[in-house]
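A short write-up of the structure that comes next.
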Amino acid sequence: MVVILKEHAEEKKVDQLLGWLELMGVRASIIKGSHTTILGLVGDTSKIDIDSIRAVDIVENVTRVQEPYKNANRKFHPDDSVIDIGALKLGGERFHVISGPCSVESEEQILEVAKRVKAAGATMLRGGAFKPRTSPYAFQGLKAEGIEYLLEAKKITGMPIVTEIMSIAHLDLFEDVDVIQVGARNMQNFELLKELGKSKKPILLKRGLANTLEELLMSAEYIMAGGNPNVILCERGIRTFETFTRNTLDISAVPILKKKSHLPVVVDPSHATGITWLVEPLSKAAVVCGADGLIIEVHNNPAKALSDGPQSLTPDQFDAIMQPLTQLVGYTGRKMG
Amino acid sequence: MVVILKEHAEEKKVDQLLGWLELMGVRASIIKGSHTTILGLVGDTSKIDIDSIRAVDIVENVTRVQEPYKNANRKFHPDDSVIDIGALKLGGERFHVISGPCSVESEEQILEVAKRVKAAGATMLRGGAFKPRTSPYAFQGLKAEGIEYLLEAKKITGMPIVTEIMSIAHLDLFEDVDVIQVGARNMQNFELLKELGKSKKPILLKRGLANTLEELLMSAEYIMAGGNPNVILCERGIRTFETFTRNTLDISAVPILKKKSHLPVVVDPSHATGITWLVEPLSKAAVVCGADGLIIEVHNNPAKALSDGPQSLTPDQFDAIMQPLTQLVGYTGRKMG
Amino acid sequence: MVVILKEHAEEKKVDQLLGWLELMGVRASIIKGSHTTILGLVGDTSKIDIDSIRAVDIVENVTRVQEPYKNANRKFHPDDSVIDIGALKLGGERFHVISGPCSVESEEQILEVAKRVKAAGATMLRGGAFKPRTSPYAFQGLKAEGIEYLLEAKKITGMPIVTEIMSIAHLDLFEDVDVIQVGARNMQNFELLKELGKSKKPILLKRGLANTLEELLMSAEYIMAGGNPNVILCERGIRTFETFTRNTLDISAVPILKKKSHLPVVVDPSHATGITWLVEPLSKAAVVCGADGLIIEVHNNPAKALSDGPQSLTPDQFDAIMQPLTQLVGYTGRKMG
Amino acid sequence: MVVILKEHAEEKKVDQLLGWLELMGVRASIIKGSHTTILGLVGDTSKIDIDSIRAVDIVENVTRVQEPYKNANRKFHPDDSVIDIGALKLGGERFHVISGPCSVESEEQILEVAKRVKAAGATMLRGGAFKPRTSPYAFQGLKAEGIEYLLEAKKITGMPIVTEIMSIAHLDLFEDVDVIQVGARNMQNFELLKELGKSKKPILLKRGLANTLEELLMSAEYIMAGGNPNVILCERGIRTFETFTRNTLDISAVPILKKKSHLPVVVDPSHATGITWLVEPLSKAAVVCGADGLIIEVHNNPAKALSDGPQSLTPDQFDAIMQPLTQLVGYTGRKMG
């Protein structure tokens, strides 16, 4: 940690600050310039709240040198984490496509879609039972019933299921769910993250619409600090001024997260842009950038989709893009599924 | 609602769309141009999911004409809402300053600050018992104990208290809290909003860091649709590329929210910028733009603040800015407190 | 300047870096931590290119301690700059409202508007002769003819005129213009800034849509470094994700620029939001935040405005807002005009 | 164009608007709803200024149905444009890597880099002679001398050269330059675009840091409307809240620009992120998303680079990434160079 003091800082106050830092167990080296004094803090600074130093009135600025995440940090875990999801493994040599409708609408629908995406090469089934909707008047999901239908589809197809949780109060319903998804709007719902840290279930953590990659890693850290190492990071687009796409896919997130962390990274090209014809090129970009998987929305009748329709492919369109994707995954030296 | 069809849309599909719209209870007028066909939908379009129309493959674009919020909409409630908070009234001729430390740290601290801010003219006491922190290793608040200290300060000073909720699971602890705050990171925690809609307590709803004003009003709508009309909107800065301030205060939000909605609007200049010396000018800007109140952080010893230190004023600094603020509030024809 | 080295930096390379720094005339103090080595650079670092240090492969990060602007920096010029514009003074106790149409459309139009805004209290006349338009097919301004009409209006009303330059090639046409405006899109047109640095004319420099306040001050520095100290800074809204307003007025820019720089600051509420009814509240916010003036668009027949219509007030609307604005300016202890 | 009228619009005013529209040569179909009236404009609306309609006081909103660009629009030019650059062709089956240092620093440097990047597979040489720098005190490029060195390198290696123009005043110096680059900061320097429209030289047009894709296409339209069809679009990152990378590469821009326009699209991964180790994955993403080329910075001694050092690869690093890139280009069915 580097502390830059204000010009003309009172010596008495500098001494008080140095005394307090010593109490906190860190040693400060002092560099005096013509205008500025710089303190270089050496020792374990992880317990020092950067804001409480910034608050001292003689302090101009504070810069952290070390990353504030530990469990999620590749420095301390050089090897890629591989997460077991049923019989599948995410994060190693295998590449997985998670697919399914935005919302579960009926048993027939989810079964039909599950069979189609499995046939096309998807290895996990996604579907929303609890739906976060901007409007209280929009369809909010089938809830418990939706999870039942997903479990039915799992029984029939053998695919692990991924579905979103919106409240701690619903946790019991997720007992047989394979991967619990935390949506972008709940990425900093810290009480939810803490609760999921007590579980051992794989958690698919989506990046918030205005959250930095460091904040995403800090939210992963919440789950991991609680004892659950099974976190999957998901880039799904951020909010910018561009209006052509619903959000802007930050493709750099993939190589950055893979370098900074050992956790697997998946990309959601459907939500990132909200445009069907962008799913294929963005999926390919994710593959060559080193992502470990994709989440792609597929609906058996997009025109009737009760939520997020425009970004859903038909099963036929999904078939069509899975062929070149599988080939590209092979080209990069990995195996699909 | 205006639906713009793609060029060369199949007539059969157009007929199907028109049939479905009729079923939904809206009538479509058709305008044929040389390149484009436009459908103007007339009738109650509030139940139509805009996305499900956008998903139809012959549709190019859909534009909503009417605002999607009703309870929060000034069109249907022309008069300003006035919210009762104990004996106080927020939203009418009175202007309120809500003040206190970011975090409750001890009984002495909150009492000391409460007395000082009351003496300076604040009418409500704020203080965080549950603290949303980016890092799991940072101080998370005194929780239940913090609320106890706030209630003690309320008993002694008579000031209503405002404090943040982070989970439905803690709702019982908020029974004697006067105003429940929903923080920026939980603005779209829809399950929490629904639960608060069942209460009658005033809810202070903060705008999310990357949320539009329409989304803020839709989150208010969640609470109001549940039966709780007592929502206070709060502008607290949005995320932009500017790095000098922590966030960018969107001052236009005040007159826009006041025009579009009848709900009271308060401004939080402390969190918006994270810089102490900006609190006074931004508070004044809020007053002249028609805000109904302010939330200002004050700490009895900012250098020791356990969270969000740099944005906290000392009680002396708070005294100093309350004088010109009170005068300015009077100048605008309102009364402080 | 603080240089943070990478872990395990080769000692030989560290020595080379230190040698090079010594050559550049700065002294480096070294702090060795368990994981990191920090160099604190002492001396005149203004000639060191921060990027060339960041490029060194053993360097993790570099932080600048001192602001990179000098001429524009209040540290070295504690008193407010007061800029002479004809007989007027901008930047001291006086507050100025610059007003007029977005585009000059005809001699009658500009004369009519000039008389009306002068009568209402405006002290300078603005009007676009060269118009930066997103589309090559949109009206591009009357150009030389527009400047002639402005000069005619100046002769008749006595008001100094403010108009935008878009190219060095047009500089001759601006000989009798009182204030040359550099638009947001040209804020980093450095060749234009250099050329204007050779002039002595007051330059109204608008902040770019995605430029930080430091970048704005650096663009002012370009003009000042060339020998022209007469720069007026203008906040006119930045680009964010919010779609209700065309841009987001960053009101914090006013107190920040006033603190960091001695240059006068004006606010353009018309372009910042593109909404007529926001001009009054945002103008008031600018006044109480310490701005030295406003630029407000007024058009004698907004419905016919050839450009930027929606943000223009009618002369009657302008009259109506000038009364409370003048009163508020007086309230803050300054004088209008 | 769709015009939505305000509730309770005066009939007389509606008639006036309809009359004016008729004069402008468009026909309006009227749809009356319970709350709103919608006008669907049919005919050639390209000459109607959208803002002048929005300015009419009875108008609530106006939506454009057709794209405002014509020359750049794929609708009117279904085939990919192929641009001749010396003997090379950009935009068809061939994929080009443009490479070289950020700034030309000396004849030896540019020659050395040119030979190395040519040997590695680059087909065009880039290098900045005029450098847009935020600070007036930073190195501004070798200017005319820099162009001379580039031309010398062209003579020796046979590679066409690409270099940035910053002012119309320098146009004569670019006579033998093969591709003139317009930098991000000048994307809306409309006077410069108009001047380049009179040339026949290929123009590499970089997207501005806060410009939408539609605005980029409108800037291309400026050049094309002037008579120069040889425009190459370049995505180079946009400004967002994320601080890990200098800018955020908007990879979706590639498939969107390719779909909406027939112009070739290149990607600049070096400037987009400012991080050397991101160049390879982002280059691959550009290839699989359908880009026609890349601009990659290479410097013979990055540690000494006078500008933009950290994003430059060494020639050895460039060699190392050109192998997998060439292979991937082949995999996608195109040929390098």
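All chains are identified by letter, namely A, B, C and D, in their written order; residue positions are counted from 1 within each chain.
The rule we apply is simple: a contact is a pair of C-beta atoms (placed from the backbone, for glycine too) under 8 Å apart; a residue touches a chain by one contact, two chains touch by 3 or more.
Chain by chain, the UniProt names read as follows: A, B, C, D = 3-deoxy-7-phosphoheptulonate synthase.
Since the model is a prediction, treat every value here as computed from it, not as a measurement.
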Quiz item: Which chains are shared contacts of chain C and chain D?
Solution: A, B
Self-check item: Winner on C-beta contact pairs when A-B is weighed against B-D
Solution: A-B
Practice problem: Please report how many Å separate the Cα centroid of chain B from that of chain C, as a whole number. | Solution: 31
Quiz prompt | Interchain centroid distance [CA atoms averaged], chain B/chain D, Å | solution = 39
Practice problem: Averaging only over C-alpha atoms, locate the centres of chain A and chain B and give their separation in whole Å. | Solution: 26
Quiz item: chain C: which residues touch two or more other chains?
Solution: 210, 239-241, 243
Practice problem: Note which residues of chain B are touching chain D in the complex, please. | Solution: 2, 4, 29, 31-36, 38, 40-43, 60-61, 63, 65-66, 210, 239-241, 243
Exercise. Would you tell me which residues of chain B are touching chain C in their complex?
Key: 210, 212-214, 238, 240-245, 248-252, 254-256, 259, 272-273, 277-278, 281-282, 284-285, 287-290, 328, 331
Quiz item: Which residues, counting only chain B, touch chain A once they are in their complex?
Solution: 46-47, 49, 51-52, 54-57, 68, 132-140, 166-170, 185-186, 188-192, 194, 208-210, 215, 218, 221-222, 225-226, 239, 302-310, 312
